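Common to both upcoming complexes is chain A, partnered first by chain B, then by chain C.
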Partner chain A sequence: MKVEWLVKSLGLEVKAGGNQLHQEVTGGYVGDLLSDVMAHSTSGNVWVTIQTHPNIIAVASLKEMAAILLAGGREPDPETLKKAEEEGIPLLTSPLPAFELVRRLCQEGISGIW
Partner chain B sequence: MNQTEERYPFYRTFQIEGGNFTNAGSISSQVKRILKEEGFPGQVIRRMAIATFEAEMNVICYARWGILNLLVSNDFLKVVVDDEGVGIQDVNLAMKEGFSTADERIRELGFGAGMGLSNIKKVTDEMVLTSVVNQGTHLEFTINVKNGDFS
Partner chain C sequence: MLRRFRADLHIHSCLSPCGSDEMKPKAVVDRAMTVGLDMIAICDHNSAENVVAFIEAGKKKGLAVLPGMEVTSREEIHLLTLFDQPEDCQTLQDWVYQHLPGKNEQEAFGPQILVNEDSEPIGQNEKLLIGATLLPLEEIVSYVQALNGVVIASHIDRQAFSLIGQLGFIPEGISLDGLEISPRTSLEEARKKFSLYQHLAFVHFSDAHSPEEIGRVSTHFQLEEKTSKEIKWALHAREGRSVTES
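After this line comes the complex of A and B, so read on.
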């Protein structure tokens, strides 16, 4: 499943990296501790978090994630937007809380085990 | 792999500025790019990316400045990080997952969960950590290229 499908079906807002929505999603990961995400996520994951600072782009880029999904109506820092564009990481937002977002991702067939 | 005996080993040196969170991850990104260009196996690059990121973040979170040296050879990849900073009081305790001395500011950014050093230990084949309080910390780790799978 591609990122752009999730954008449509979950009604996500694309804040940056709009030219990378063709990325294939391999699974999902949730976390706000960057070391935990570094250790346990994998390439192609969609990452649900409430962290908004630029370091999330470094993590997503190093782990070659398909997209970052900011939950709970969080807005990315301006520097985060800039870095997301530079690194080509889709940065998506939703007003829904993380739990609900994950539930909907699961409904779309995204798994937390890969 | 496109490497030849003559080109290896080679070194790269990077400076890390303590407290500068804006560019955090930039050195691990550069290291990853170099390893990709050299054609190392994906699993080796992924392990190096995790370990280098954690090492870089430790300098940014806890030190004034640091130097990261990368050694690239046919059989193994080695990273040596020396920093000048507060150092680590009890190295064994610092290695324990969950132990952290991070302040609120660092924790709010999603760092300082006490996972960094144990993450490095998990993804590397060899790791050495020594420290002198109020002077600095020396960290080195090696990943064997031939043994690309997680150990």
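After this line comes the complex of A and C, so read on.
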């Protein structure tokens, strides 16, 4: 499933990385502790978080994630937006809380185990 | 003349909701002197309202007490800050208070006791000191540096509330004076684990929340005077000051 499909089906806003929506999503991960996300996420993940610090882009890029999804109406820091564009990481937002976003991702067939 | 001083610069008082109510000036100063510390710092969560009482109590016994605060950033990172003048610490506190939402729930988080230099309780702080400020990490670091304070990332070896736990790695362009290692990790292990950050000074402080924890680990500094200004020099190995292996 492509990032583009999730943007449409979950009604997400694309804040940056709009030219990378063809990336394939192969699983999902949730976390706000970047040390944990670095240890346990994997490539192709859509990552649901409320962490908005610029370091999230470096983590997503390092782990070759498909997209970052900021939950709960969190807005990315300006520096985070800039880095997301530079690194070509789709940065998506939603007013929905993380739990609800994960439920909807599961409905779309995204799994937390791979 | 340079001398070697043993310092534990991360001690909570009874003002921190998680701090023992025994952490009053007399008990802290007595314990610090008993375990052979030359200098301490009082660093409560997001407040410095008890520091003057501890400084005065320290003066009476001849123990150097620095004013400080452990500030929680928006990313829930703990930052240890140290000053020479209580007024500078107060300036930081005023700014922190403007960006610290919430009210303490004593039953859930614990009491936040204000004391005088004679260790008598004189009131309670009502703010949610255990909470996070709305201030980004980088802004706090810049603010403290502008006040000529010392800023050290707290207990980087811990998962919870640490710079590396929360953000995975130290962001570029941030001017920290040092990295604190908690008592649960030896400095030797920390140097291996965080070898990427060897350009920064590593310090070992107790993060004491009760009297018996004071000085359980400490750091030796080569200084002329027991001031935060000299601690800063030592952390950057300047002016002949240094952090020495204990």
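Definition applied: the second predicted complex is superposed on the first by the 114 of 114 C-alpha atoms of A that agree within 3 Å, B and C clash if a C-alpha of one lies under 4 Å from a C-alpha of the other, contacts with A are read in each partner's own complex, and residues count from 1 in each chain.
Rule of thumb we're sticking to: a residue touches a chain if its C-beta (ideal position, glycine included) is under 8 Å from a C-beta of that chain, and two chains touch if they have at least 3 such contacts.
Nothing here was measured: the structure is a model prediction, and the numbers come from that model.
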| item | value |
| --- | --- |
| Which superposed partner A:106 touches (first chain B, second chain C, both, neither) | neither |
| Which superposed partner A:34 touches (first chain B, second chain C, both, neither) | both |
| Partner chain in contact with A:59 - chain B first, chain C second, else both or neither | both |
| First, second, both or neither for A:51, with chain B first and chain C second | both |
| Greater residue coverage of chain A in the superposed arrangement, chain B or chain C | B |
| Those residues of chain A which chain B touches in one complex and chain C touches in the other | 32-36, 38, 51, 53-55, 58-59 |
| Residue ranges of chain C touching chain A (in the complex, touch as defined) | 75, 136-137, 159, 164-169, 171 |
| In the complex with chain A, residue positions of chain B that touch it | 21-22, 24-26, 28-29, 32, 46, 49-50, 53-54, 57, 109-111, 113, 115-116, 119, 122-123 |
| Touch list for chain A against partner chain B, complex | 32-36, 38-39, 43, 49, 51, 53-59, 61-63, 79 |
| Chain A to chain C touching residues, read off their complex | 32-38, 51, 53-55, 58-59, 77 |
